[in-house]
Amino acid sequence: MSSDETILTDAGDAVEFCGLSLAHPVINGSGTFDAIAARRAFGPALERDFPFAAFVSKTITLSPRAGNPPPRLWETPGGLINSIGLPNKGLHAYIAEDLPRLAELGVPLITNVMGSSAEEFSALVSACDERSEIAAIELNVSCPNVETGLDIGADPKQLKQVVGAARASTRKPLIVKLTPNTANVPACAAAAQEGGADAVSLINTLRAMALSPGGERGRRPWLGGSTGGLSGPALRAVALAQVVGVAARVSIPIVGMGGVQRASHARDLLDAGATLVAVGTESFRDPAAAARVAAGLRAGRRSEAVFPTA
Amino acid sequence: MSSDETILTDAGDAVEFCGLSLAHPVINGSGTFDAIAARRAFGPALERDFPFAAFVSKTITLSPRAGNPPPRLWETPGGLINSIGLPNKGLHAYIAEDLPRLAELGVPLITNVMGSSAEEFSALVSACDERSEIAAIELNVSCPNVETGLDIGADPKQLKQVVGAARASTRKPLIVKLTPNTANVPACAAAAQEGGADAVSLINTLRAMALSPGGERGRRPWLGGSTGGLSGPALRAVALAQVVGVAARVSIPIVGMGGVQRASHARDLLDAGATLVAVGTESFRDPAAAARVAAGLRAGRRSEAVFPTA
Amino acid sequence: MSQWSAAPAPFHRRLLTVLGIDELGAYRVLRVADVETPEPRPGQFAMIAAAERWGGGEDERPYLPRAFSIARRRVGESHFLLEDVGPGTRRLCELREGDGMWALGPLGKGFAPPRPRHRAILVGGGVGIAPLAILQDALEAEAATDVTVLLGFRDGARAQGAALLHGAQVATDDGSVGHHGLLTELLSKELYEDSRAEVYACGPAPMLEAVRAMCATRDVPAQLALEAGMACGFGACYGCAVPKRGGGYLRVCVDGPVVDAAELDRVSEHAGAPS
Amino acid sequence: MSQWSAAPAPFHRRLLTVLGIDELGAYRVLRVADVETPEPRPGQFAMIAAAERWGGGEDERPYLPRAFSIARRRVGESHFLLEDVGPGTRRLCELREGDGMWALGPLGKGFAPPRPRHRAILVGGGVGIAPLAILQDALEAEAATDVTVLLGFRDGARAQGAALLHGAQVATDDGSVGHHGLLTELLSKELYEDSRAEVYACGPAPMLEAVRAMCATRDVPAQLALEAGMACGFGACYGCAVPKRGGGYLRVCVDGPVVDAAELDRVSEHAGAPS
């Protein structure tokens, strides 16, 4: 399994991923860490102790989006439903205002983009291709198709076409963030690979919903966006199953995520075939969570070298 | 919403479902309660205090199945992964040995069956059709298609055909237990309705996995069946979203389930459009859980009548 | 550094030790040992969770940390005012001396100081009085400003919370203590022909909106400490959105919790304290 | 009703009150007030959970109740022997006098009495000694049978658990107490040329398998108290499967936990107590 390469890599924690060399295998899930806001809250310690080996932006769209009306959050048993609605300042402001500041983080930048069509995806990707600050591009294909209402990424044919269009627009490493809300995730991963993806990342959030407590006795959806996406420990076992399925199907590297709280959870995803792991919701509980995970993996790896079966 | 009928029904708790009149809207999820084993453990109190308004059998197949090798269980945050493997004594022994004893429960019996083809499904359904003890039949369509490996129920076309075959073999109420592991659950519900289903039930478990702790540092799947199904509170919000989606799409009644622990969770599913709710994993924590849920709904309904907005 | 400027928060949650928890009518005052924290600015908050057994309550919750105003600082101590409204606050109310508690912070924008020779009117509703306590401490450290405190509560048990501040005029919905009626009735008296007034308010959304509207019509500058459901508290999740003037949303955790009333068209339903 | 026949369990989990929890070397003995419970048959178990904060431990667990042998009955009391091996047992070890505890049971098949004039050899490993304590009580109530007790532990701290029974010969893996070596070495001595022996065993899977094999070769009847991961404890989930002789599986919770050694080809890896 690719985890063995990870384990046996000479440079201790360093990992090779799509031609990028990362200090360790832990990055952030898109949309779960705002480095610019964090810089204001935590000051220079942010760069000094930056927990992620690469930084993934939240999803960027062509035009600015305000996001969904509140409430945007609902807590579930061991999980969180969010209906944030991908607020972002749009491609051009992102490039003009955010990129220069993100470049100061000193880790490779992965820009996550979402379009509603192959054309939009290639426009976004071409714009990113021109920016030297951007090391790799991640495609968020969980965008609903205007006709079917289903995620573009839920249908292998459609997905392959979108990825193909993006591929044609850049030579930078292309990561496809798969949707978990479909019958055959490995087939979608294969379609992404055929379309020219250099890697896949999974899992995104599971479609979920909550009704408003009290008031009209829960008849109204609680979330301003009506439905939302479930993340956190509650879906960790679903993520692991999907990563195992995808690893068996594709040869490109995998970024595994979903409910990672501790090194042992990351270890599971790596052992299941992921090359990198991403920490998302757990960063909300502790902004330094990913640093704990990376340190734990390091320790684990050492002890592993010493006691093969420990 | 159908919940309103439920609320305004004259006979207090009684609910009409596919021509069956049930004492209240709470039944069991298939495979989560073995009334015959429970009779041995709890004695006559089982019938006296039977918590379910109808009893759903575990999935019955044509030939006997031993089930998966252990371990069969893994606990997750607020959830349970099972890889039981549908052990059952097969259709004929079920009819000969179990049915007569289940008939003594004094509630309508719903027999859940699974085949690997339309032919198998119609054979199972015809056999059930002949038995007066059986009030309704539930089709478990989460059986993997031999070619694609996907659940038969994940593909609307295939599903409609299977349901059609079953429909042709019985006049008894036919419930289709949808799989949640697909992109477009409402489309599958619609296909079931077109195929002739009298009702749909959802959600079944989410595909999930766990790696063995310790030992080889988690490289081996923990479950004897390798992958399993996630149930319990962890997926309640996913179930609610799917029930809302299906209610918007079909006109036949819905049996909602997934993580129901208390009356408020059942209330949410009813308000989302379900006519009945099923309690599954929570019965493991307390065999009388469903009775608590039904009592809570009753109380809730009363107070609702008194304070419309309370 | 002045008490009005905030130093950055440590970039990790810190394990603090509970010194004690005291009853204050319907509320609890939680005291934790907190030496190395940067001095918070009045109005800042922390994200808090019990170190043990955070979870396993109603509906298998809580899971995420919860946001609480830093109600008071004493040498080496931080104080929080708690109202039990659900599984998270319930668990925190169970904390006892010696228990561990996770805290991230101080976070967010605090109150801005009043202009010279102005009069600060502190308007607090329910558990929303918490940030006004540390604000009162700060204002009194600068004898310069004179301070008026108006607090409103639902009932007598909650009105005992008024003891967190001093010299407060109190209003209760049920008339059990002080003025029988709305806090804004007290406020309008205070604002009557006072051109030096500046309002500092925190409380339930309807109260904040009434205060905002009253101050707007009378051109009285007002700072409002907002609340919102939060997952992170440091700008990462975009979950704490509140509609801002002229469209779009602000993030309560980083653009607030204290905002200038002028930044809002109105205080929306979900932007206030539990009531 | 005789102590060897089991009455049905109440058809709901019952809220019991903790009377106390005592240290016993590496183990804890949990005592709960349990008046209305039907008298358990030796070898039966209960499904147990803390009434408060069941959850929020390691990996946000526990969620499901846990299975524990009823280790002893005293008038109006049930006793359980606990070993902390994970989040569920850890939470139960935290229970204190007055705390609430959910219990469902007594559940499962217990031990069958020895035949007249036979000699009962009780063989327990680690926390698996629990059901042998109540069995010893029952056997001694019938002076008829004579009883030999052989207990094995990993180390000295665990060996203190031997005090739960009396007159026990002890073996430890590290030699810190009693015989330095395997429990089965003690057992083979006892079985030597004794045609009246009947074995009652509970412990880790490898120990149970060694006992089963030894008894099989010497035609000594043996009853084994098995364990397995359980979700329900009353036959509902089919999760507690253990391979049985001639193919297929038995459910430990309803076909066991006590089985006649002859029902198994071998004791499989997951069918024993934590070790």
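General observations
Each chain carries a letter (A, B, C and D) given by its place in the written order, and its residues are counted from 1.
Methods note: a contact is a pair of C-beta atoms (placed from the backbone, for glycine too) under 8 Å apart; a residue touches a chain by one contact, two chains touch by 3 or more.
Quick caveat: nothing in here was measured; it's all calculated off a predicted structure.
Repeating the B-D interface, with the same residue numbers in over half of the contact pairs, is the pair A-C out of A-C, A-D or B-C. Just to note, of A-C and A-D, the chains joined by more C-beta pairs in contact are A-C. Spacing of chain A relative to chain C, judged by their CA centroids, is 34 angstrom.
Per-chain CA centroids place chain A at a distance of 34 Å from chain B.
Chain A and chain D have Cα centroids separated by 47 Å. Look at where the CA atoms of chain C average out and do the same for chain D: the two points lie 54 Å apart. Among the residues of chain A, those touching two or more other chains are numbered 76-79, 232-233. Looking at chain D, one finds that residues 55, 59-60, 63 touch two or more other chains.
Interface residues of chain A facing chain C in the complex, by the touch rule stated above, are 31-34, 36-38, 40-46, 49, 58, 66-73, 75-80, 82, 84, 87, 232-233, 281, 283-288, 291.
Residues 77-78, 233, 261 of chain A are the ones that touch chain D when the two sit in their complex. On the chain D side of its complex with chain A, the touching residues are 59-60. Put simply, chain B touches chain A in their complex at residues 1, 74, 76-79, 81, 148, 150-151, 154-155, 181-184, 206-211, 213, 215-219, 221, 227, 230, 232-238, 240-242, 244, 259, 264, 267-268, 271-272, 300, 304, 309-310. Of all the residues in chain D, the ones that touch chain C in their complex are 52-57, 60, 63, 91.
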